[in-house]
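Labels run A, B, C, D, E, F, G and H following the written order; every chain starts at residue 1.
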Amino acid sequence: MTPTAEKLAALGFANVDLQRLERQGVPEVVYGAGKTAEQIAGILSALRDAGQSPVLVTRLDPDKAAAVAERVGPDFAYLPEGRLGRLGAPRPVGGLGPIAIVTGGTSDQPVAEEAALTAETLGNEVVRIYDVGVAGLHRLLSRVDALRSASVIIAVAGMEGALASVVGGLVAAPVIAVPTSVGYGAAFDGLAALLSMLNSCSAGVSVVNIDNGFGAGFLASRINHMGYGH
Amino acid sequence: MTPTAEKLAALGFANVDLQRLERQGVPEVVYGAGKTAEQIAGILSALRDAGQSPVLVTRLDPDKAAAVAERVGPDFAYLPEGRLGRLGAPRPVGGLGPIAIVTGGTSDQPVAEEAALTAETLGNEVVRIYDVGVAGLHRLLSRVDALRSASVIIAVAGMEGALASVVGGLVAAPVIAVPTSVGYGAAFDGLAALLSMLNSCSAGVSVVNIDNGFGAGFLASRINHMGYGH
Amino acid sequence: MTPTAEKLAALGFANVDLQRLERQGVPEVVYGAGKTAEQIAGILSALRDAGQSPVLVTRLDPDKAAAVAERVGPDFAYLPEGRLGRLGAPRPVGGLGPIAIVTGGTSDQPVAEEAALTAETLGNEVVRIYDVGVAGLHRLLSRVDALRSASVIIAVAGMEGALASVVGGLVAAPVIAVPTSVGYGAAFDGLAALLSMLNSCSAGVSVVNIDNGFGAGFLASRINHMGYGH
Amino acid sequence: MTPTAEKLAALGFANVDLQRLERQGVPEVVYGAGKTAEQIAGILSALRDAGQSPVLVTRLDPDKAAAVAERVGPDFAYLPEGRLGRLGAPRPVGGLGPIAIVTGGTSDQPVAEEAALTAETLGNEVVRIYDVGVAGLHRLLSRVDALRSASVIIAVAGMEGALASVVGGLVAAPVIAVPTSVGYGAAFDGLAALLSMLNSCSAGVSVVNIDNGFGAGFLASRINHMGYGH
Amino acid sequence: MTPTAEKLAALGFANVDLQRLERQGVPEVVYGAGKTAEQIAGILSALRDAGQSPVLVTRLDPDKAAAVAERVGPDFAYLPEGRLGRLGAPRPVGGLGPIAIVTGGTSDQPVAEEAALTAETLGNEVVRIYDVGVAGLHRLLSRVDALRSASVIIAVAGMEGALASVVGGLVAAPVIAVPTSVGYGAAFDGLAALLSMLNSCSAGVSVVNIDNGFGAGFLASRINHMGYGH
Amino acid sequence: MTPTAEKLAALGFANVDLQRLERQGVPEVVYGAGKTAEQIAGILSALRDAGQSPVLVTRLDPDKAAAVAERVGPDFAYLPEGRLGRLGAPRPVGGLGPIAIVTGGTSDQPVAEEAALTAETLGNEVVRIYDVGVAGLHRLLSRVDALRSASVIIAVAGMEGALASVVGGLVAAPVIAVPTSVGYGAAFDGLAALLSMLNSCSAGVSVVNIDNGFGAGFLASRINHMGYGH
Amino acid sequence: MTPTAEKLAALGFANVDLQRLERQGVPEVVYGAGKTAEQIAGILSALRDAGQSPVLVTRLDPDKAAAVAERVGPDFAYLPEGRLGRLGAPRPVGGLGPIAIVTGGTSDQPVAEEAALTAETLGNEVVRIYDVGVAGLHRLLSRVDALRSASVIIAVAGMEGALASVVGGLVAAPVIAVPTSVGYGAAFDGLAALLSMLNSCSAGVSVVNIDNGFGAGFLASRINHMGYGH
Amino acid sequence: MTPTAEKLAALGFANVDLQRLERQGVPEVVYGAGKTAEQIAGILSALRDAGQSPVLVTRLDPDKAAAVAERVGPDFAYLPEGRLGRLGAPRPVGGLGPIAIVTGGTSDQPVAEEAALTAETLGNEVVRIYDVGVAGLHRLLSRVDALRSASVIIAVAGMEGALASVVGGLVAAPVIAVPTSVGYGAAFDGLAALLSMLNSCSAGVSVVNIDNGFGAGFLASRINHMGYGH
């Protein structure tokens, strides 16, 4: 490993960005898919050596997580609900207010948990409002107060993704929409929900990639900590 | 024109189906796009000669309508809100109950009117509930009683098409969803709304082609007259 | 489990809609894909405790069904032909008339059975007219009387999905078209049949999602019971 | 113009293939879209100078045709129904039998005429069976004898394109399917009909490009003259 | 016009949402495409009567704007750079800090101005950093200080949309990416930029619809005013 | 099994078309994918009882074939190169001339063999010209004589599918193009080859579905036997 | 205009990259679509003031070109065959050898000329080999010597784009493939040719955007001048 | 095996192109996917017998490689990082200069190695610059000198593929962009990166198929050896 003037750790297979904490307030996040346990452990060690924490690993399956844990040691934790690994302790809760995470159905839960655990790791209170899809609107309407108390809202839904528009019309907070690949047939692995959310008739809604719970949690945290330091 | 044993009028450019009234309860409907005024007038005359009424012409622009009217005479009317021509008088109102037509926004109105005027021509009471998109949900919720009084509901929406799912979750009547080409960018000329409606998480919703107000009005009438004759 | 004023059972992983029977005439239907046997059993128990029956579980594979059955008890049945679970007894047969279910080929049968068993569970007589695709038109034409006796028709086909248009031209009843993912190559997992059905030149045809036999059976039942109570 | 050993006429903007008549039995066909009247006239003159006839120009609008006619002279004719120009006389009728051209609706007629006039130019008898779409199946069934008398059949349809499959199931002759861009919404400018025809459940059907009436007429002629010289 | 208990103005062609100011901090925004000048003027009058200001009209072309202005009077202004109409005065500048709007090229300017003028109307300072696409990276890098001083950043780009990822990697503020339809060929009217932005390897980026400058400006303002009232 | 006046065998799961031999010259072909060995054997028995032969089963994997063979007996053969089952003896060779089958590469061979064995079963001489893709054009050009001796040509290619156009330009016989799913990335499972072949600049080319070797062989045989009986 | 330390000219609407000549050997190229004549003239003046020449303007229609010429003066020339504007004199011919530009048909000529004139402006000899599509292969084969004498080859084709693969198999030079939007129907505005070229079975072929003649000419020049200075 | 006048080895399942070395400077490359070990070994033997070396086999998995090695002998090597087999020794290093290979992230490494090992086999020095994606731009900028020293650059990236444009703007060498299938959701298996790269706003960039490391390495070598023999 070669730390350099440009603040990166050159591992051969990876150039770990050691400048990111300073530049963006959060250390580099490791995309776990397509990397070996050895590679992930190497990257985590480089970041730990550089004093950066907490570090998240996304899309990490349990077997690979166990192999990483063995190499990295006890300050590495696996959060299976969100397929996340975490090196170091979560940050203390701060920010403007709670982040509400809303889902259309039970099958959207893994993506929602990826968002929730990311946001909690980065120092946010999270309120989970799950399985309140628009087919039974009273379930959502009964939680409007909780929604309106949140500083940022993450709306997670597959199939037709209508939840984002409905939530967007009820609140004054920014809404981050996460389409999921839940569904079949003309859902086309999340495309229907993605297009639906991009065309939301409610203003104040923006969209991240299909199944990108991490991105939503990260962005929500960033918004929630604006003016409050990271 | 040659009427035949098989009940069709062979006009050369068209084989008018004179059996359709008997077979399906409604005379052949003329798709006006891509036909000349002469062709349309010829088909209408053949149907009138065969005693079939009322006959609808869809996707008819005003200039062509004027040319048709000149050829066909006073029992032809043009209904510009729905770009429809009609030969003969509308049927008297009947069926199980009113058909409710709901739209997301003002721009969906031409498609909605195509549905409404089709249903009225075929003998249905129509209740128009326009501009009640989900961005301001209270507008829709304030009309739930009217929705629940309808025997069939037509939900017309562009952009993300969430209206169909929300309406579908509120009522026990069949919902016919009509995606419209209203929108821009990732609306892809109605594709987003179409996919959204096909993936509705509310049961009891089916879908017709983008901008197909006629098809929705026709089907709604057919359902509304089941068990009541046509 | 927490029943609430809003009539839902908050299970943590799910908010069961206990109001749906009253609002829509049929209890909440459980989408089985992406849920564990434990989750499904929990939802079924909540619905049973609220006195709601019959409850359908869709897209349920045999192994998961066995695990659900063990937890839920003898009033849960598995219907393997349609990959459906059912809690409680089917409703007695009622409605305006029989529902005819037509398929293009033998490979469409699982989707057709999902529709048929859904409709039978909800109290409808079902007439199965299978393997009558348009490549051998006399097979369909020999059953026209059965088709014309039905109050609602469900047309199930993959590949080019031409069956829906042909059936739609022969009858005066509403036709619900179900594209299936049967086929290969440019069938694109049901897209060809879906587009074909959406563009049907026969009026009176509407479409549900690819392979959505449940949705077709549910909607057909809803139409068939209009004016007859649920 | 430079005739060469390789049998081409090098016009600078075009390399006219003077070998094609010998190699393929028909002179080079000129694709009129995107060429100026001057270019078309130049190519036609080169072919005439090489003694090749008849030559077809496809996708030729009336104004450009008039400008070509002025330059080329009286042995150039314009066939507006098929947007075709023709240099030289049609070939005498020959081949195994008539070519039947079937359309779904009146709006498909321009594409059908492109096919018909191409086939007639190349020496085939053409039987036109227009506006017999599957929404009124008796119109097609009343012409089964004419269909079965044809040596080759061209099925021209837009919207859902079901006509090709239905015709394919009725006859023992090769069926060339031509999807048209007739329709709207989810017809996607002919894509729905194209996919439908490619997935035909009837064997013996092949497909050409959307709106490619010329290609169908050309291929039908080629098949019809097999074993009979060109 | 009928104000109601539910706080809407029922104009027949529109149900103006009079509750939105209270519910979401900003009055209803009027989507100008597909509405007549009469309809727009009617909606604006209803909102003015209800004391709501400022009101934006999006996608308004100059001719229609002139017709609206004539009906609505001097408190209506047209902002041609962003194709926006505005009723009432802009709000005074507030919020956490400036909003930076970055574009890839000169052709993206109309969309950027729609965002900028929306944000200015809603009370934000806007810093315009235009034509700094990644083909000449030093242009962007020379403005990093301005970027890092912003509380929210809007990145507007067509073609390959790489700007959003590059900006996203340089800053700690939320980045709202706006794909534009600038480009040709495989840009597919903004699809390439849209997909690019959704897959950004930089965390902290979310996306709105193609060419949706308004949505980006609105959301940026909402984020910028969090914790500061609207 | 119930033979009927309409000449079909109603097996419950299938309606075997016993009229097809008479109507189309070839017995019903069984699509093996998605059917059980029991179902296939049942259909074959019904066809054998009706004296129809030879019968092809397509897309049949070896295990299922063995199970079918056990039930059907020794007049059932499995042709693994083309994943085909065959009941009864192939027809004697006839028709106008040989059918040439050309492939772009070795990986296209299974589809080509499906075509070849289909054509041989139906009584045609087949000339195999394999692995002559356009990257090494001399391989194809060295076989031009064989190509020009064929009465029908089948061109099988994946990737960019250029072979069909090149072959189409060299011969005067009808060319049936079969795109294959060979390739990766932007081949999109055969879509690139399919689009390429549909847009062939060579006249006389038509296309069947991706990987549809059977359809090409069947159609080639039909064309080859025109005027010669089946 | 403000020249800066970073070598750019800040015009407000544009940040002209004055560093590009030094960094990349060619001055900034102006994308003419979506810019006004005033903007283009402003950019050209800034580049001229900075002593940069020759400068190309792409996608420039004749009317706008005339307006630019009026503002910029006599060292601006318009090249209508390639829709290009040019400020300053072309560079003297240099590089390793000639660049051959091959087209499938006459309709591809405007894109080919954009490439040819770009390459000539940048100091290359260009050999034009037009209208040698694969439907008449001898036309191409008669020019193999010219092809093999080129140091770089640009293959321009619409429809199925087979030309790129065929050329790629004949030569040892790099081939730059340019798909064009020539064609109709399933050509999908160049998509078919694009996919075809991306999947070329010939090695040594790379692809630029649909109709991007400029990009191909620019890249060919860059390759041709490697090791020779720019 | 039959060598022929046309310089091919006819193996039945393959026509090995023995002329390619002479015609294109490199022997035929074997596409390993979809071929058996026997077939691959047969082709390699034919090429070895014809004295052609080095020969590459692409997309070769380890098990098949072992089976090939056993048949072919010790001059066959397997290069697992790039899934490549190689018969014969690599060529000595030559050409104009080094080829730089740049990747966005660690997951792109297998595709990059396919390119690198191909280029090394064909006699090029390769400089690997891995994991320098634009989310941490300083990692790339710290390597600009290495980039600018290369004669050709290969940019390998998945997700949004922005790396190609950024690199393209920094250098004067030709850039070959390789989209990879790395990513999820709206990455659509490499489509997002592909479209992004095709629309690069940086001139001098061309694109090969998704994951086509081989093609990029081959083309880079060809460019690098121009004017230097192969």
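By our rule, a residue touches a chain if its C-beta (ideal position, glycine included) is under 8 Å from a C-beta of that chain, and two chains touch if they have at least 3 such contacts.
Since we're looking at a predicted model, the values are computed, not measured.
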Mutual neighbours - chains that touch chain C and chain G alike: D, F
Contact-graph distance - origin chain B, target chain D: 1
Interface residue identity across copies chain F, chain H - same or different by half: different
Matching chain pair for B-D (criterion: over half of the contact pairs shared, by residue number), options F-H, A-B or G-H: F-H
Chain C-chain D separation of Cα centroids, rounded to whole Å: 45
Cα-centroid distance, chain B relative to chain H, in whole angstrom: 57
Chain A and chain H: spacing of chain centres that average the CA atoms, whole Å: 36
Numbers and ranges of chain G residues touching at least 2 other chains: 105, 135-136, 169-170, 185-187, 191, 194, 198-199, 203, 209
Complete list of chain pairs which touch one another: A-B, A-C, A-E, A-H, B-C, B-D, B-E, C-D, C-F, D-F, D-G, E-G, E-H, F-G, F-H, G-H
Residues of chain H touching chain G in the complex: 23-26, 29, 96, 151, 169-174, 176, 194, 198-199, 203-209, 214-216, 218-219, 222-223, 226-227, 230
Touching residues on chain A, where the partner in the complex is chain B: 104-105, 133-137, 159-162, 165-166, 168-170, 183, 185-188, 191-193, 195-203
Chain F contact footprint on chain C (complex, rising order): 105-107, 109, 130-132, 135-136, 138-139, 141-142, 182, 184-187
Chain F residues within the chain C interface of the complex: 4-8, 12-15, 17, 19-20, 28, 31, 33-35, 39, 59, 179, 181, 189-191, 194, 209-212
